[in-house]
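See the structures that follow.
Presented sequentially are two complexes of chain A, the first with chain B as partner and the second with chain C.
Let's turn to the complex of A and B:
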């Protein structure tokens, strides 16, 4: 019962994202046989070192979606970013359930709730790429570099963008 | 002198009131018992306080009483209650006779979420071209046969396989377009 609610909702979101895709975002289930496993492509936001890049990420939805949020993980090449774990897992407030705030710095309104959506997540991740949140670094090394050696950080990101495109 | 033992003093009136209150309540509860919604398991189901908390965190504007009432009536399905709220039907106001069970604060409702993120495997470094098997297409479309803004920008089909194909096409085009753009930029820079 719960999982059919989730499937219906995910299918609906898939349809919306296909018929009316936001700029620079492509997302959908890897196979419709499993609506709980998606893959998304996000374009790097302009005027940032991520500009021109395309980043692939997998989204895994829980059976009780949209009550609980999905998890999101960049795949393929790494994304060198303060809020992305070295293994690619994205750490951003919209992916955190409302009650789960060990650090007490996020507002409930920023966190996951059923009125959010895949589209909102992907747009949030896009703006996260442009503006790292320094308060809770998932990748401490990247955060340090971003804070102290900005040009080195930007160069590293640009290199990875090219590598990701096979150049 | 004054009367020491009146036939009807205040304590005995109070006792009578309390006793008759309980008798009446028992009487009315028994009456409405079998007819309550015709749902055999509607009454007496203990609502899980963790579920109530989960919903009231998502929708802080709703009263806990309404949430409990809805959960109790649908047999404790958070999904059904949420669906009901999201589709705009709203929750019913429970009848005054509805007595929500006492809330016990739940402590371990959310802990399972946090641990889930930790496990992840290191999938080897791989660029998008090899990931999506685009190496052939990379060679093929050297600016020659490229239809900019092809009709596949926003596509939806009633057919499952067709949908899958359209999605894949959009994905491939997005990567190839980014690659082309990057290469053009490179050429511009070296000139």
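Let's turn to the complex of A and C:
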């Protein structure tokens, strides 16, 4: 049977990511039997409190990908960040379809479009780690801490990173 | 799907001396599906996509995926030059890539002594060959079935076309294939062939022109024969519908009239119609259009790819909710399919066990008729609480 558009496209992306991976990013399907469920590893960007950390996330793709965006969730916890829900779900404009604007602050140009890709999502998430957007925080506590007590925030992030590495 | 890690990709060039061809190949690929352009069309904002890809995007969002300016599928125009470039590139790709890889291997061997990546190369070539063979096989099969059909039903040519639908208003349509139609039987052929054909045609003077001649002619000219056979004969594009103006019954009828499945909830009907319209209109952009059967098969593939027959992953629903997570419902049912199957199997086993235990119970029960009397109607044991208790005991002890 012909595979679906989504599967084929995900295979292309997978191949592209594995032959030509961007720095600090690894991603691929957990099993090649299910192209709609991926795992990604992101290195914490340098010169940020996340530096040195490696963060695992799962990506779930809808059947009508790339018309609709995937969802992304950090697994194993430990990402203390204004734009990451306490359960790990990433809240970033590139993961939101352009049809709606639940947060009323995102420009359509930042949001999902079928020409975006896993690679672009992961790069955006990396830069999100470096530069939080506290306009519409997913984790209010983290956002408050980031805004008002920056050093405490950074310390907490570093602690989490260290915990995540098992140190 | 399993072997598709060998999917040709622009990265194939990266480890070769021709790595500069990677961006060329990448720009010959659709940004939406990442495949080579399939019937490239250009938007009014001058971005090029596969006809089907951009139609799907536009029917979901109404915007160009690249620049997000609004566009309508009516404004899409075919991009012949891109298609030509692409064909030329595709023709040259395999041999160029093989050369480049050989060169890369030679260089690697020169650098590191004997490290021969030839097996890999051969494997890639092998896979491609297989694909080619498969394609050839498939097309030859199609030709064969078609010619069989011709032999079987010796009727007017129209009758063999499974694709003929509502073409009454398209009789005037003349395919632009450089051929002319026989004035008697309406067959299309080269202008030089008309006179010879006319002799035969008038002799037969029947709506059925000699079939063997026909198929021989066909196998000689498969390319030029194709347009009249395919729904190129009905290149009428399907208009988009304002679904809110239609009652569900009307919509269902509309789908039925189009010859596509008409079951399911309203939302699914709309999405199915949209997909059909996209498939159909994209097919109209093709130089070698597919038959309706093939399109119906693609519609079926789409339907199944959407997560079975679930209607929950609708883009319309997705837009009205906070985030596009609704596909979970469909996925959930897919994920838990084995669980469901297991439950069903268990339930079946249980009820079978009950039936089995009631039947022997009834037959062996002659010894202790008192007990048999109690679950007197063994068949009704399923909907009666107490007999189940009694009857299930022997099954458990087994």
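Heads up, the rule we're going with is that the second predicted complex is superposed on the first by the 164 of 167 C-alpha atoms of A that agree within 3 Å, B and C clash if a C-alpha of one lies under 4 Å from a C-alpha of the other, contacts with A are read in each partner's own complex, and residues count from 1 in each chain.
To be clear about the criterion, a contact is a pair of C-beta atoms (placed from the backbone, for glycine too) under 8 Å apart; a residue touches a chain by one contact, two chains touch by 3 or more.
Given the structure is predicted, the values throughout are model-derived calculations rather than measurements.
When both complexes are superposed on chain A, chain B and chain C clash.
Residue contacts after overlaying the shared chain place A:68 against chain B and chain C alike. In the overlay built on the shared chain, the residue A:36 is in contact with chain C alone; chain B does not reach it. Of the two partner chains placed by superposition, chain B and chain C are both touched by A:98. Judged by the touch definition given at the top, the superposed model places A:87 against chain B, while chain C stays out of reach. In the superposition on chain A, A:20 makes contact with both chain B and chain C. Set side by side, chain B and chain C differ in how many residues of chain A they touch, and the one touching more is B. Of the two partner chains, chain C is the only one that A:7 touches; chain B does not reach it. By the touch criterion stated above, A:109 is placed in contact with chain C alone, chain B being left untouched.
By the touch criterion stated above, A:28 is placed in contact with chain B alone, chain C being left untouched.
Overlaying the two complexes on chain A leaves one chain C stretch of 314-322, 332-340 or 386-394 clashing with chain B, which is 314-322. Taken together, the two complexes place residues 1-2, 5-6, 15, 19-20, 32, 64, 66-68, 71, 97-100, 102, 108, 113-115 of chain A in contact with chain B and also with chain C.
By the touch criterion stated above, chain B contacts chain A in their complex at residues 53-54, 57-58, 60, 77-80, 82-83, 86, 109-110, 113-114, 116-117, 120-123, 125-131, 134-135, 138, 153-156, 160, 163-164, 166-167, 170-171, 174-175, 178-179, 181-183, 185-186. Remark: chain C residues 1-2, 4-5, 7, 9-11, 14, 31-35, 53, 56-57, 60-61, 63, 65-66, 68, 298, 301-302, 305-307, 313, 315, 318-325, 327, 330-331 touch chain A in the complex. In the complex of the two chains, the chain A residues touching chain B come out as 1-2, 5-6, 15, 18-21, 26, 28, 31-32, 39, 41, 43, 52-54, 56, 64, 66-68, 71, 73, 75-78, 85, 87-89, 91, 97-100, 102, 108, 113-115, 161-167.
If you check the complex, the residues on chain A that touch chain C are 1-9, 11-16, 19-20, 32, 36, 60, 62-64, 66-69, 71, 95-100, 102, 108-109, 113-115.
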